[in-house]
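Chain IDs A, B, C and D follow the sequence of writing; residue 1 opens each chain.
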Amino acid sequence: MARAITYSEALTEALAEELDRDPTVFFMGEDIGYGGVFGFAHGLQKRFGAERVFNTPISETLIVGAGVGAAITGTRPVVELQFADFVAIAMDEIYNKAAKWRYMHGGQFSVPLVILAPEGAIGGAGPEHSQCPEALFWSAPGLYVLTPSSPADMKGLLKSAIRDPNPVLIMPHKALLNTSGEVPDGDHLVPLGQAAVCRAGSDVTVVAWSAMVPKALEAARQLKGEIDLEVVDPRGIRPFDFEAVLTSVRKTGRLVIAHEASVVGGPGAEVAAVVAEKAILHLEAPIRRIGAADIPIPQSSFLERWVIPQVDDIINAVRETSGKAVSAAKLA
Amino acid sequence: MARAITYSEALTEALAEELDRDPTVFFMGEDIGYGGVFGFAHGLQKRFGAERVFNTPISETLIVGAGVGAAITGTRPVVELQFADFVAIAMDEIYNKAAKWRYMHGGQFSVPLVILAPEGAIGGAGPEHSQCPEALFWSAPGLYVLTPSSPADMKGLLKSAIRDPNPVLIMPHKALLNTSGEVPDGDHLVPLGQAAVCRAGSDVTVVAWSAMVPKALEAARQLKGEIDLEVVDPRGIRPFDFEAVLTSVRKTGRLVIAHEASVVGGPGAEVAAVVAEKAILHLEAPIRRIGAADIPIPQSSFLERWVIPQVDDIINAVRETSGKAVSAAKLA
Amino acid sequence: MNERQLLGLYEGILRCMLWEQGLMSMQAEGRISGFYHSGRGQEGVQVGAIAAMAPQDYLLYAHRGCGYMIARGMPMEVVYSDFLGMMEGSTRGIGAGIVHIAWPSLGILGQSGTLGGSFTIAVGAALSARIRKENKVVVCFFGDGTANRGTFHEAANAAGVWKLPIVWLCENNGWAVSTTFKESCAVSSIAERAAGYGMPGVVVDGQDSAAVHEATRVAIERARSGGGPTLIEALTCRFRGHYEGDAQEYRDRGELDRQRKDRDPVEIMAARIRSSVPNAEKELEAISERVKSEVAGAAEKAKSGTMPPRSRIYDYVYA
Amino acid sequence: MNERQLLGLYEGILRCMLWEQGLMSMQAEGRISGFYHSGRGQEGVQVGAIAAMAPQDYLLYAHRGCGYMIARGMPMEVVYSDFLGMMEGSTRGIGAGIVHIAWPSLGILGQSGTLGGSFTIAVGAALSARIRKENKVVVCFFGDGTANRGTFHEAANAAGVWKLPIVWLCENNGWAVSTTFKESCAVSSIAERAAGYGMPGVVVDGQDSAAVHEATRVAIERARSGGGPTLIEALTCRFRGHYEGDAQEYRDRGELDRQRKDRDPVEIMAARIRSSVPNAEKELEAISERVKSEVAGAAEKAKSGTMPPRSRIYDYVYA
C-alpha cells in the first residue's frame, strides 16, 4: 500500500517515526520548536517534548558542532540549518569535524549525525539563500550527501540516514516541498548510495538529481517519440552510484548531466570526469552538463529564472548530444 | 637580470614592494607582527609600522570578514589564514561575502582583498592542517584562486593579486617555501589567469599546479627519452586558462591532471570535464587524474606519504595514458 | 532635544512607516517578488540612531524593514526600485525582496544575507577608515537573535581591543522569527555582554526615538574622539510577522495588541510633540501631508522604471 | 586538601612533566614526526582540574602538552605510541605530532585541530548526556588565544541558556604563539566574559594545582547538581616555545626566567608538601622514583610497538 503525500510531509513523517522508534534521536535547529521555517518539525515538539525537539539560538557552528558532540556520545542528532547556503558558516564543523572525527581519532567514534539543510532556488531568496552546495562536499571523505527528489525518497533516505552510523548531509530541495507523490506504507527505507532509474530509455542518459529530476522527466515527456531518455537519479553524491550511471551510459552512449548548481565547479564535473575515464569507448558524443550559470544567484526572481536551468535547457542539451539540435538557443 | 631567492622570500618581497608602493595596502593575521608562523611578514612590521602590519586575535571569520569590510571602503587588505584548511572556518566570508559582495550589491563596490592561505601536506600536520582546498572554490564566482609553483610566480602573482580589484585567494604551498628559483628584478608581475608551459613536449600533457609542478618536471626528467612530457601549470583555478590546456592537448592527444588535493571531488574534475567536452576528438586515451586518496590526511607522516601523490604516480599515469604501462602499481 | 529635532524625528519615522505601507501596496499588487521583513514598530530606533550619524559615517543595516536607508537619506524611489527589481534600483535590478541595497555616497555599505556577516565587515570598515586617516564612525545594526552568532564575538573583541570607532546597535525586539530572546540568550540583556569586550553597554527604550538619538550621539562622539566602541541595546517591538505572510501564531495576541497600542513609535513621538511643541497639531498635519505626497511620488516614479535585460545577470561578477 | 591529595597532585604533575621529557628524548632520537606543543609550566592546571572529575565525565582537552590524558589516567605507553605513529596508539597509527588522541572509556573525546572546534562539541556532549539521562559533566580546556574564536561565544551562550553541565577551563598563559593576551583580548581577564553568558567566572592561580582543583571541584559540583556552567580562568605560564623548535625570541628573557624560577608547578607543589606533610622529603623521593620508572617503562613498551601497514590509511573513513 502507498499514500500520496507531499515531500514536506514525508520529511516530517520520517522524523516522527525515527523519534518514535529510537529515544536517542533528537532534533534541534532554529525555530524548530514552532515547526521550523519550512515546517519540517510541525507537531513534533508537542509529541516528543522540548527535550528532544527544540530551538537553538542563531548559532550555526553550534548547531552542527553540538551535533557532532552529541553524535559521538551516544545519541543520534538531527540538526537543521535553515538554508543549505549556511553550510558555509558551519563548514569547518561539517567538512573537518563531522566528516573526519572518526578517522582522525583512529576509528574510536562513530558520528551518527544528520544535517538537514534545504537547498535550491525558489524565486527571490537571493545569492545566500538559494544555492545547491553539493559540490563542496564531493571532497569530504567521511560524509554522506543526499538530495532526495521525491516524497518516497525523502522519507526513505532520511530514515536511513538517521539510522546510519555516519554523518549525513541531506539537502531537501525547497522547490519540491509541496510536490506530492506515493510513499509506501510501513517502515520505508531507501538505502544510501543506490541510484534510481526514474525512467528507462534507450537513446540518451540524463543523470539528474534533486529538483532537476522532475525537470528531466518533463523533458523526457516532451521528447517522447523523438528521443527516448533514460533518467537516472543518483539520489545524492556521496556515496555516488557510478555503476548505475555507467550501466546506463554503456547502453545509450550519450550522457547529459543536469543539476541546479552551477556547471563550473559543480558536482557534475566529477560525474563527467569519471564517466569519461571509464566509459570513453562507449560515448558517442561529448558529455553535456546542464546547470546554473557561473554567477551568484540574483535576488530578483525576474532574473533568477535565467540563471537556474530549466526543462528547455535539458531538451536542448539532449538534442545536441543526439546530433538532433537544429539551432539550440544556448545561454552563454 | 634575475636573482635566485626562495619562494618564501619572494612572497615577502612582493608584500614589501606593494606595501611600499601603495599606502592603502595593509597586512594582518595571526602572529603577523612577529613575521607570521611561516615568516611571510618577516621584517614588515618594523618597516611599515604596526598600523599597517599587525596581529589579529585567533578569529578567522574576523580576519576575512574585516578584510572584506576594509576592501570595500578604500583599502587593499592582505589577510593571512595560518593554514589553508582554515578557509572552512571563514567559508561564508570567502565564498559568500568576499566573492559576492560586488555582484549582490549591483556592482557598487569592488573587493580588492587578498587572502593568503598556505596549503598542502608537509609531513605530520594532519587532516586539518594539510589540505589543498582549491576544489571548494571552483564554484565561487567573483573570486580568483591562485596556486603559485615557483618563486617567480609567487612574487608576480601576489603582486598582481594585490593590485587586482577583485578578491583573490592565494595559496602558497608549504612544501615549496624553501625552494629556490630565479626571480626577475624590478616590478615583476604575472597576469592572473594565464597558464605557464613549464616544459614543452610532444607526447603527453601534464597539467599540474602548486607542489605538483616540480613533481611533474621530475617525472618528465625521469621519462626523458621514453615519453616527452609537456607540463602546463595553470597557476590556479580561477580564472582557469582552458585555452592553454586545450592547445596542449590538441597537440599531444593525451592528458594527465596532477594535483595534491584528492582526486574524488578534486579540482581536476572540472578540468577533465571541460577537456572531455571540448577536445574529445583529440583525445587518444582517457584522461588520467592524479591526486590524493579519497580519505582524510593522516597525522602520521609515516602514513601521509602514502596519501599524497608522488612522482611515481605521475609516471605511472603517463605510462598508462601512453599505452606504455607495463604493470603500473596503482594505489587503490 | 529641540522642537525642530523632535519634528525631524517624527517626520523620519513617518517616512519609514509610510514608505513601507507603499511597499505593501506594491506587494499586494503582485509587483514584488521575494520576502520582506516589516520594520513596523522599530522605526524609532532606526531613525533616532541614524539621525546622530555624520554624513561621512558608515552604515551597516539589518534586515528589519528599510527605515535604515530611508533615514539615512537614500532617495525613496531608488529603494522602491530595488524591490521592484528595476534598473533604477541601487542594485540595478539584481536585488528584490530581502535586498542588498547599498549607497556608497551615503556610506551605506550593504548587507550580509547571512545574519551576523556584517559584524566583521563593520570592523574592516573601521580599520580602513583608520588606515586612510579618515574620521569615520561605523554604525552597525543587528537583531537580538543575530547577537548569538560567533561573528559578533570576534568582531566585538577586535573592536574593543583595537578601540575602533564603532557603534553596535542591537534592535532587541524580543524575537528571532518564532524564538524568544529569553530562550536563546543566556543573559537578560545584550548590553551586559559589552563588559566582556571592554566597551560600555547601554540600554535604551527603542520606542523613544529621542532617547535612541541621544544614546547614539554620545556613543558616536565617544567613538569619533578615540574612545572606542559602544554597544547600545534598544528595546523595541516587532509589530508584524517575521516576514510578510508570517501569521505569527506563536505570539500572544494580547501582548501584541498592547505593544501596538502602547508602544508605537509614531504615536509616542506625536504625543511628545503634542505635549511640548506649540502648534503641534498643525505641524504634525503638515508633516503628514508632505511625507504622504513624497512617498506617493516616489512610488509613482519607481513604477515607471525599466526591468533589466537578461544580460544583466552577467554584469559585475568581477570588477 | 589533605596530605594524600597533595601528594597525589604532585605525583600527577611529575608524571606529566617526566612523560614529556621522555617524549622529547624520542623526538631528539628522530622518532617523532610532526609538532609538539610542550605543556611544561601548565601541568598544575591540567592535573588539578582533571583530578576533580568523576570517572563518567567527559573531557575535551587542548593542545598544550599531554598532561590532560595522562592526568585522566590514559596508559602512558598508549600516548607515546600515538606520537610514535604505532598501531598500539589510541589512533592506531593515524595520529602523531599534534595528535588526535582519544580514549572513550575515560570520556576523552578527542580534539579539534582547528582551535575552538571543541567548544561546540562540548555542548553536544552535555546535551547528549542530558538526553540519555546520564549524570555527566563536561570539562573543556582551551587557551586564552582560543577564547577569541566565535565558537566560544556560540557554545558559551548555549551552555548558559540551557544550563548545561560544562566547566569551561581556560589556561591563560598570556600567549597565543607570539601574540600576547593583552594585544588580542579586549578585557584583562577571560573570566570577565562569564557574566555575558549567565555563568560564574572564576580566576585561579594555575600554578597552584590545589587551588585549581578546588575551583574545578566547586564548578563540577555546581554543574552536576543542575546549576549550569562555570568559566574558570587559570593563570599559568608557558615555559617553552609554542611548539618544539620555536625559540620564542619574541619573549622577554628576564620575565621568562623569572617564571621558570618562581612559577614552576612542580616546585610550588613540592614546597607546599614540604611545609605541610610530615616526611615530605622521603615521600617526594619515593614518588619521583616511582614515576621515573613508570615513565621509562612506558617508553620502552611503546618503542617496541609496530608501525601500521600502508592499508591502514583506508580504515575507519566510514563506520
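What to note about this one:
The rule is short, and it goes like this: contacts are C-beta pairs under 8 Å (C-beta built on N, C-alpha and C of every residue); 3 or more make two chains touch, one makes a residue touch a chain.
Keep in mind that this is a model prediction, so the values were computed, not measured.
Identification of common neighbours of chain C and chain D yields A, B. With centres defined by CA atoms alone, the chain at the far end from chain A is D. Each chain gets one centre point, the mean of its Cα atoms, and the points for chain A and chain B are 30 Å apart.
Between the CA-based centres of chain A and chain C the separation comes to 36 Å, rounded to the whole angstrom. Distance between chain centres (mean CA atoms), chain B to chain C: 41 Å. Of all residues in chain C, those that touch two or more other chains are 91, 93-95, 100, 112-114, 148-151, 154, 157-158, 161, 183-185, 317. Of all residues in chain B, those that touch two or more other chains are 56-57, 59, 61, 85-86, 88-89, 92, 96, 103-104, 126-128, 141-142, 294-296, 299. Contact topology of the protein chains: fully connected, every pair of chains touching.
Across the complex, chain B meets chain C through its residues 24, 26, 51-52, 56-57, 59, 61-62, 64-75, 77, 92-93, 96-97, 101-112, 141-142, 165-166.
Only residues 85-89, 91-92, 95-96, 99-100, 103-104, 126-128, 133, 135-142, 261-262, 264-266, 268-270, 272-273, 276-278, 280, 283, 286-289, 294-296, 299 of chain A touch chain B when the two sit together in their complex. The touching residues of chain D, when paired with chain A in their complex, are 58, 89-95, 100-104, 109-110, 112-114, 117, 119-132, 150-151, 154-155, 157-158, 161, 315-319.
Taken together, the chain B residues at the contact with chain D in this complex read 30-31, 33-34, 37, 55-61, 85-86, 88-89, 123-129, 293-296, 298-303, 306-307, 332. Residues of chain D touching chain B in their complex: 33-35, 85, 91, 93-100, 112-116, 145-146, 148-150, 176-179, 183-185, 250, 307-308, 310, 312-314, 317.
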